[in-house]
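In what comes next, chain A is part of two complexes: it sits with chain B in the first one and with chain C in the second one.
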Partner chain A sequence: MKILRIKAIVQKELIQIRRDPLSLAMAFAMPAMLLFIFGYAITLDVNRLTTIVYDRDRSSTSRELVDALVASGYFTVVRSAEDGRELDDYLDSGRARVAVSIPEHFSLDIRTKKTAPLQVIVDGSDSNTATIVLGYMTVFTNLFSERLGNVKITPLIDPRVRVWYNPELKSQHFIIPGLIAVIMVVIAALLTSLTIAREWERGTMEQLIATPVKPAELILGKLIPYFLIGFIDVAVSVLMATALFGVPLRGSLFLLALLSGIFLFGGLGLGIVISVVAKSQLVASQISMVVTFLPAFLLSGFMFAISNMPVPLQFMTRIIPARYYVTVVKGIFLKGSTIRFLTTEALFLTAFAAFVFAVANRKFKKKIV
Partner chain B sequence: MKDEIAVYVKSLTRTFGDFTAVDHIDLEVSKGEIFGFLGPNGAGKSTTIKMLCGLLLPSGGSGTVGGYDIIGQSEEIKKTIGYMSQKFSLYDDLTVVENINFYSGIYSVPDSRKDERKKWVLSMAGLEDKKGFLTKTLPGGFKQRLALGCAVLHEPPILFLDEPTSGVDPISRRNFWTMIYEMSQAGTTVFVTTHYMDEADYCDRLGLIYRGRIIAEGTPNELKMKYMTRDVLEIDADRTVDALDVLNRNNIESAIFGSVLHATVENAAAAEPLIRRHLGGAGITVRQIEKIVPTLEDVFVTLIEVS
Partner chain C sequence: MHKSMERIKQMVIKEFIHILRDRRMKAIVFVVPFLQTLVFGLAVTTDVNNVPTAIYDLDRSQESRELAQRMTASGYFQLNYRPDSAAAVEDLLDRGKVTMAIQINRGFSADLRRRKPTSIQILVDGTDSNTATVAMDYASRIISKFAADEAGGGRPLLLDVRTRAWYNPELKSKNYNVPGVIAMVIMLTSLLLTSMAIVREREVGTMEQLMVTPLTPLELILGKTIPFAIIGFLDMALITVFGVLVFHIPIRGSLVLLPLSTAIYLLSVLGIGLFISTIARTQQQALMAGFLFYMPAVLLSGFMFPIENMPDFFQYLTFANPLRYFLVIIRGLFLKGNGLAILWPQMAGLLILGVAVIWFSSIRFKKRLG
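Take a look at the complex of A and B:
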């Protein structure tokens, strides 16, 4: 391998990237934009739920209940219903996701120390939200009962639950680091997937493969510039996560940089493999979206816990690089994980990088057909 | 004796599915020679040149380029040759100098020679004052010369040029051939394909390929002597198309060459009065009839009619 040749390719690629506004935008603006959009769009926190209230009691107690409901911040009353039909109507049309129906003798029951029923209907088509609403409601009615009865109910067991790593249970804290990993998996492959296909399409490859350049030199020469870009992308994403989204970075920045570097080598290498096989930019970009985006989004543990998946799927996640990189970024950000806890991930990412490089090197033929 | 051979192939064949692009061809090119590989589009010229440059594996046959086997040592061949493909294949979005720098890196031109080679390419391509221009803004002739320059940065002993002058204006074509000549004088073997018959006269030796087969081989003069046993008359007449029609109807083999007709006949002296009579009878004015030395195009037309 000759450094001189690799250097020539690196310089040529850098010039071409610089002169092409589209690839420049894709390289630098896209990751930041995706993080910005998804970072705000994907939130699993439930608040300000649209709620319709049907108060048949019309007493001071029932009004107090509704006020307390609103004051909790989780519910927004969009309508006070005149009759029962309206509840159905609002839930069916999606104008409300929660319906609270207070029966006629609500305050009377409470005064006479009978247990007063309170009907709550939740839109279960979003089961995640529904589950959370059920939890809220249980806690809310307990607290409200205590307030009305002015008695403290002593439970038999007093659980002291503490939440580690994300004590405020902010879903953004858990989503953003995973999101960085997913975006980088997709971007890395996309960046390089076009480079070799482009040369085949434009005919410049024919000249290049008639020279003594070696496949490994060509691959490295094309990897290095995108490695620099990918690294800047990671840095910008990490900066955005901490400065914009307020996600704490508890672990070592150096470890994050090191493992990101190893990951990038594999991710970019995968793009090269795709580019070598596809020989057309359109096909290459489509393949790279399919093989990176879907697994990274669904099977990496970024959104859906791997331990909840059916066993065959769990096995599948083990060959997906995104899974390991998601663990790395999440771990270093939220848990402050050290290399001791990330050895498997580091080893897999290294092996993956070596594997794709070997495949690219083998698959790239200096022949026309 | 083998040392004097730059390119040698035996029974070289390449098929694409049912189509045989190159059909058992034999070739020998001596060192320092300009070998012209002639034939119409689709005859198998590019396919042959790509096999010689190690870009395409042959379906059959064997051969060597610069002493290296075209099947097993294609990477060795790539160090020995310069190749210029039919389609312009430098980087459009790089400047003249950036393209030169890139290829001198790829060919590992040593630092001590780099500047000298760069200057040489710029001057021979006449690009000294266009160094910083993006390649895509250059006229065709300059692009062609730059491509040639980049292909010979490492001073290869053998140079393969695939249709180097297609789509270039006549003056640029002439300049281009001057450059090829100079390199040949300096000892470079040049293997060049073209479908311009007038360029064939620049070559030391020619191979004529038609439908994947070599139908004739030799120096330009040999070909003219050997295959043109008949005489060629150049006829300058009114209404060329009508004249062609009249002659063909009277079984005088003719073809249009620019604004004149070429008629191939057994005996020039006997045919001339006959032609005058036929054309005169059709009311066509004959300005001049002259016996000429046949061009290679005449040779080629005759050969294709025979095969």
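Take a look at the complex of A and C:
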């Protein structure tokens, strides 16, 4: 391996990147845009549920009930129904997700200390939201019963719940560190997976083959510029996460940088392998979608808990590097994990990077087929 | 007219030869959607169950065992660890081995027998806020039921809430996700393949050859997009059959509306692909631009994150997102059995958007050819 030849390839690649400012701009816009959307636009927290109320009782008690529902912050009443058909209509068309139906004699039942029925219908098609609504209704029932009966019902057991690491249960704190891992994978998939395929497709590979450059040198030379771009993306993401979204960084920044570097090397290496195998940019882009992006997005535990998946799939996640990196980033950010807790992850990521590099080196043949 | 049709036909045939000549491409066009559906159907459960849980039982009584047994029997919790010190509990949480830890203090059973209010300590790993919220809720419900049973009936509550979930009574998240995957797969494949296939001609230099043929720009556009529209349709059919057979997704609505709305949806998606091909000079740029559109389109569509939870600005933005309309349509068709009477506003919105995008992109495309 000659440093000089690697340097030459790096230089050539940097010139190509510089001549394509649009791609470079998009490589930096991608993380900023994703962080922006996850930070400001979307949340898994349930609030502002569109609700239709059908109040057949029209009493002060029933109004009190509706007010208490609204005051909880979970529900927004979009309509007071005139008849029962309207409930169906609103749920069917999706204009409301929750329907609350208060029967006649509701206040009478309460006054005579009979148990008053209250019907709540939830649009179950979004199962996650529905589960949370159903859970909330149980709590609400107890609270409102207490208020109506003007008694404090002391339950025999009082569950004292404490939440660690993310006490306010902000979904942003949970998603954004994991998102950094996804961003890395996307960059690796989009940038490197096309580099070698492009040389084949345009015919410039023949020129490279004619030079004395060795496969390992070519691979490293192609990797280094993208490594720089990827690393800048990590830095920008971490900065945005902490400065803009207030995600706490409790662990060591150095450890985060080190493990990010190892992960990035492996991820970019995988992109190179895909590029070497595919030889066509269209094929390479589709393969990298399946091999890198989908697993990183869905099977890494970034957003969807691995413990909820079927067991065979749980085993599959063990060979996905993004899974380990997500653990690393979340651990360092939220739990302040030290290397002692992250040895398995660090070892796997290092082994993966070495393995991918070896495969890329073996698969890449300087031959015209 | 007849000649024009013939030319388009030839162009479509050429395009199919191009796509399918590469054996791997043939596999990719149909295997990718299949894999996406499989992974989405299996992995993306926001259903919370088998939460790894540690129980630190200092009481070691019949009651504490009974409570632990109820937690396991619910199916929501898996009691994998029985730590014997508070430090061990902390370690399990730090290492992420468990998401929840329950500590039952000494004197728990004695308190219960004397009908004296007692407490239980629950520690939750809040990193995954969604799982934490749902798991906490399940735990409180199981515990309060247990407490009520121990208390032996007691005073009935004044309010009896009867909750029912419509359309998806078992609250299975795959019923919600799989129809959504159809919309996503169609978008991803059509968007990337269309734009990359067009840019490829330019990058490799064959676009000039196409331009010297008698093909008019419109014929060129049609010839380039029709193959991907056909692939989009096949993918839709494939995932639908797969979803029904393997995941038992219900189809309650009309089977005529499904292809009809898919066709309208494809207008916008192919239009955007065409648009990207007019900005991108290289396939690399096309791929990245495609992704730069695809990611926000998925995130701001209501696919996973309800639109009404978003800030108003983003809610308005979603009106420009074809995926938003198609998701409502396709979920309505599968789960709610909606008909045209309910879905027409969505379909009209999608149609207007599609025509506008196609029109705009075609003008840009023709300009770039000239």
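In the analysis below, the second predicted complex is superposed on the first by the 363 of 369 C-alpha atoms of A that agree within 3 Å, B and C clash if a C-alpha of one lies under 4 Å from a C-alpha of the other, contacts with A are read in each partner's own complex, and residues count from 1 in each chain.
Assume contacts are C-beta pairs under 8 Å (C-beta built on N, C-alpha and C of every residue); 3 or more make two chains touch, one makes a residue touch a chain.
None of the values given here were measured: they were computed from a predicted structure.
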Between chain B and chain C, which makes contact with more of the residues in chain A? C
Which holds for A:Ala210: it touches chain B only (first), chain C only (second), both, or neither? first
Of the partners chain B and chain C, which touch A:Gln11 in the superposed model: first, second, both, neither? first
Just to be sure I read the superposition right, which of the two partners does A:Ile110 touch: chain B = first, chain C = second, or both, or neither? second
Touched partner set for A:Lys2, first chain B, second chain C, both or neither: first
Applying the touch criterion given at the start, work out whether A:Arg19 contacts chain B, chain C, both or neither, answering first, second, both or neither. first
Touched partner set for A:Val236, first chain B, second chain C, both or neither: neither
Name the contact category of A:Arg202: first (chain B only), second (chain C only), both, or neither. both
Need the overlap of the two footprints on chain A, from chain B and from chain C, as residue ranges. 20, 202
Provide the residue numbers of chain C that touch chain A in the complex, in ascending order. 22, 24-25, 28, 31-32, 35-36, 39-40, 42-52, 78, 93-96, 99, 112, 115, 117-134, 136-141, 143-144, 146-148, 150-151, 155-173, 175-176, 188, 192-193, 196-197, 200, 203-204, 279-285, 287-289, 291-292, 295-296, 299-300, 304-306, 308-311, 314, 328, 331-332, 335-336, 338, 342
Over in the complex, which chain A residues touch chain C? Could you list them? 20, 22-23, 26-27, 29-30, 33-34, 37-38, 40-50, 76, 91-94, 97, 110, 113, 115-142, 144-145, 148-149, 153-171, 173-174, 186, 190-191, 194, 198, 201-202, 278, 280-283, 285-287, 289-290, 294-295, 298-299, 303-305, 307-310, 313, 327, 330-331, 334-335, 337, 341
So in the complex, which bits of chain A are touching chain B? 2, 4-5, 7-9, 11-12, 15-16, 19-20, 202-213, 366-369
Contacts from chain B onto chain A in the complex sit at residues 50, 53-57, 74-75, 78-79, 81, 83-85, 87-94, 98, 101-108, 147, 150-151
